[in-house]
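Below you'll find the structure I mean.
Just so it is clear, A, B, C and D label the chains in written order, and each chain counts residues from 1 on its own.
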Amino acid sequence: MLTRTILLLLLLLLPAITVAQTREKGPWWPNAQWGAEDAAGGSNWITPEKVVRATALVKTGRIIELGHVYERGMPLNGSRSFNIFIPSFPTHGPILERGVVFNDEYVSAEIGQVGTQFDGPGHVGQRVKMSDGKETFVFYNGVPAEEMRSPHGLLRNGVENVKPILTRGIYIDLAAYKGVATLPGTYEVSLADVRGALARQGMKESDIEPGDALLFNIGWWRLWPDPRIESAPHAHAGREVIDWIIARKPSMIGSDSNFDGPEALVHTELTMKNGIWNLENMDFALMEKEKTHEFMFVFTPLRLKGATGSPGRPIAIL
Amino acid sequence: MLTRTILLLLLLLLPAITVAQTREKGPWWPNAQWGAEDAAGGSNWITPEKVVRATALVKTGRIIELGHVYERGMPLNGSRSFNIFIPSFPTHGPILERGVVFNDEYVSAEIGQVGTQFDGPGHVGQRVKMSDGKETFVFYNGVPAEEMRSPHGLLRNGVENVKPILTRGIYIDLAAYKGVATLPGTYEVSLADVRGALARQGMKESDIEPGDALLFNIGWWRLWPDPRIESAPHAHAGREVIDWIIARKPSMIGSDSNFDGPEALVHTELTMKNGIWNLENMDFALMEKEKTHEFMFVFTPLRLKGATGSPGRPIAIL
Amino acid sequence: MLTRTILLLLLLLLPAITVAQTREKGPWWPNAQWGAEDAAGGSNWITPEKVVRATALVKTGRIIELGHVYERGMPLNGSRSFNIFIPSFPTHGPILERGVVFNDEYVSAEIGQVGTQFDGPGHVGQRVKMSDGKETFVFYNGVPAEEMRSPHGLLRNGVENVKPILTRGIYIDLAAYKGVATLPGTYEVSLADVRGALARQGMKESDIEPGDALLFNIGWWRLWPDPRIESAPHAHAGREVIDWIIARKPSMIGSDSNFDGPEALVHTELTMKNGIWNLENMDFALMEKEKTHEFMFVFTPLRLKGATGSPGRPIAIL
Amino acid sequence: MLTRTILLLLLLLLPAITVAQTREKGPWWPNAQWGAEDAAGGSNWITPEKVVRATALVKTGRIIELGHVYERGMPLNGSRSFNIFIPSFPTHGPILERGVVFNDEYVSAEIGQVGTQFDGPGHVGQRVKMSDGKETFVFYNGVPAEEMRSPHGLLRNGVENVKPILTRGIYIDLAAYKGVATLPGTYEVSLADVRGALARQGMKESDIEPGDALLFNIGWWRLWPDPRIESAPHAHAGREVIDWIIARKPSMIGSDSNFDGPEALVHTELTMKNGIWNLENMDFALMEKEKTHEFMFVFTPLRLKGATGSPGRPIAIL
């Protein structure tokens, strides 16, 4: 009887014993590389030495734009919006005898999640059942919703924590490797595809260093500004590619979509669990014409306190 | 009688004869250097060769932040506002079996004219009486209000026209030259001050090249985040300094204020007439500790179509 | 010679002599009924006696909704937008031991010009050449743009000046009179149509009193929420109808569109020149089922200082 | 041993046994009067007969404003904001030969929670531990957060569910009863105060009917537009007054504050649990001069889908 009772009690307590998630330790936290307080993720790999090596890649000094213009009517995902006005025109003035006037613009938008957008540590979370039985959503480096939520921006894991990206950019032309202008919508990119694309460009996997920005072209940029670019399914990284990216320790990835599929593995496995940030909706119209696939790459996320992402102006300097 | 009548008629017609402003030609247009269609101004000076020379300045690869964080409650000029929310938290989801969630931020603000802000070609205009007698406000490169006004962003002279700034930055420490932490509020900076500051830093005026970014420290950054930083008078460039800056042909100036005085001469003479853009409210807290005053400087204005200015993340790479 | 010279001078001066517009007096100002300072227009007709007579119309006390719900995705004109979200959810809290929480909503929209919208005195203007030769835009009661413009709302002629509308509403069912569900898109409503509709409803033109709200049904409401309701041409008042309305001295008109045609005569002749306000995009789905066409009508424009129009909740009390 | 074990198990299970909250039944749901699906609360009391009786109160037809103007810079609670501007001015045009122009306004604000504001069913919630052990926030009529949360407005319990308020308003002048202009900031209003105020006005408690709007003057309106009106403590209803109000079955209460104290009992006990809506920040400057305390009262909450509250223009018709 006693044995059975004890077994019964053990059965009741078993979930509590086996579930290991606590605020201090869980499946993807604390970050093994950067520690429990980190919110800069992969941008930490960009050391001063890395920066120097990036500048050494500059040969001609030509700057290539890698992002879209932000404008009303551009494709947007779901219910997001982008609005811009000039209040009053001119907004201020005229002042002084010679009649000086000033214009402001007023923007209302999910500014870090529209157009060419950079996902930071506060963007992606996942449900976790903690050891105490409570369920919550946990974000990069184990920060739970309760420590982030606030009406006026995230209290932790805001995009302002990400360091400037000035590093080597490696453009990996998957579409060209597959001999198409645009990969098919539901195509799952394989590790063989990635390796093949690198080889086609004369690059070796072992060339890739921590802190690099890996920029994947699937040819999806050709749809811009058709709204389907944000609503139709596009080629995405398969599981092997995701594991391969993690092993490469890049600061970030970029692509002309979000490179993610219906299982949201890029968002959770790369960004949320590993702090590999993701620059989405890049434009490769100009890069496509270049022969150089390694270059100094610059992307400076806005220091928008408590934001989940950032707009920006990614450029390659060849 | 006839003579008097003719003289009378001539007197009536004289204004029309002497006023020379037309759409094609006026006191500051077309831009002598860049032509009538230009809206990139001083950023045109940043040639590929200039970019290469800028990268050569990088010695250690250390990145120094030169701008403020954008946050609710930061100092703002006049009636401008800055608001940021996280809709709903989490904004989207949970989706999928493992319960993935996503946060967006929503920002409402005069986004290019708050905090560390970059003034573009659509920001400053001045009243002009044209030859046909009509008065209008004219902006950079002679573009009149009628060709710019639109409720949803400027039709011309939007900040998206400015090219990325990747150039040599020259930090000119006026406050240190004058032996003070912060220049007095009403102080008018003289040409002697500028030359003295350069000399103190071991630099010669003749070192300055077209396309450089001239960054003036008046010590005003120390007030941040006190609201008076945006409302109290601060040291400003005198007329001689303005003329000297124009002669140096920089891509832009920057300072820890807007470097302008009650006559708005920086805004009209540098920015409006000469396309020398102006990065305001820089933060020199970290730069102050450095000994290097020449460095690679990066500022990538957002390609915000029809905006008057841009936020950004100015950095020095030493 | 002298004669010819004098004639020449006279020819030059003639436009100045014949153009009579001044700030004090022009084609539609000062308002003959309400004086030069007025911004309440037709709402001035609603005297206490008029209000008492309106309450006397209430027989059953049933309230009929006459407006649409405001929601994301509703039809909007041109580039207007409507966005609403709940910051954070809950926005505030929990507070206190029992864990009280509060939600706010945040709305970004041309709030007085979306959905069921009421046009006030600051909404419509027209170009006028003044006696001094200057051209400007003049609004209700002769107020020129210069006296209204301000980045943060109109300095004059804001909708907050309009008095509450509590009056007799007269529903004029033009579509039913013509025996159709919806009048054809380009149909111009004639005076005979209006009189016929009144007669069909057993009403006489002479029954109409100053201060009444004349509500015209063209059956356009049936399109809601199809976006074409805001973009496709709809039946509109012809010139005779407009003159007839002016002669009736209503406080306002309403309709299930804006009742205006390509010449914008409702906007300029009724609203701008005569202060007959215009409630657009009403919903007559419920009114259609009623037999009563005269009722107490309530519409309380928001006291939104400096706004051009107002949302609201028009109701009929039968 | 067995007994002790069983007792131990019972102790573990006890909370689950005693907690009775389910989605269907809890401490304040389903609403006993209006049923499980209701979101109109006290506005349901306003029957057609009640409306007729309200119109019969109108003697002179004079309309008295009972709310504030909404403007930039008005007092706001906490971090809320209110911004309005005119895009471009004129926003549209000129069009047509005669040069017609149109202005829009653009408003960004917690529009239902600023200035004179009406709290609806989605505004107030409280933490509840459900029988299944899960904790959630529950709102009016037992609707839990999960059924309401959505980035773009509440899915349930939006203010659009509240019916128009056209009823008898009873102005209860607490400040006059106590012989002061404004009740002291921390004053707790007692039931004796309420009864005394009614008696002073020649009214009996038994006069009050279901559906009435009870409007309490504490003299706080005198502070407007001083920001302390939204930040300093003000007189509030004590527990007895709250219970008394519930027993009166009004459609709503109103006051020149929010009539609530540090325990938030007005918000939870009146609004959240009983659907007695709350019109806050009323203005009694004009009502103060009147001798009539019973009148037809009109407040039409905007049909803002998914909003937590509404602005409006409350009026008394005497």
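Brief remarks on what is shown
Methods note: a residue touches a chain if its C-beta (ideal position, glycine included) is under 8 Å from a C-beta of that chain, and two chains touch if they have at least 3 such contacts.
Because the structure is a prediction, the values reported are computed rather than measured.
Two copies of one sequence, subunit B and subunit C, touch each other mainly through matching residues, since over half of the numbers at the interface are common to both. Annotation, subunit A versus subunit B: rotation angle of 180 degrees from the Cα superposition, expressed as a multiple of 5. Comparing chain pairs B-D and C-D, the larger number of C-beta contacts belongs to C-D.
Between subunit C and subunit D the centroid-to-centroid distance comes to 30 Å (mean Cα coordinates, whole Å). One simple way to say how far apart two chains are is to compare their mean CA positions; for subunit B and subunit C this gives 43 Å. The distance from the centre of subunit B to the centre of subunit D, with each centre set as the mean of the Cα atoms, comes to 48 Å.
Each of the following residues of subunit B touches two or more other chains: 72, 79, 83, 85-89, 91-92, 104, 106, 108, 149-152.
Taken together, the subunit B residues at the contact with subunit D in this complex read 72, 79, 81, 83, 87-88, 91-92, 104, 108, 149-152.
Taken together, the subunit B residues at the contact with subunit A in this complex read 47-52, 55-56, 58-63, 65, 67-72, 78, 80, 83-87, 89-92, 94-96, 98-113, 122-127, 137, 145, 148-154, 160, 163-164, 166, 263-264, 267-268, 296, 298, 300-309, 311-313, 315, 317. On the subunit B side of its complex with subunit C, the touching residues are 1-2, 5, 12, 79, 85-89, 106, 108, 133, 151-152.
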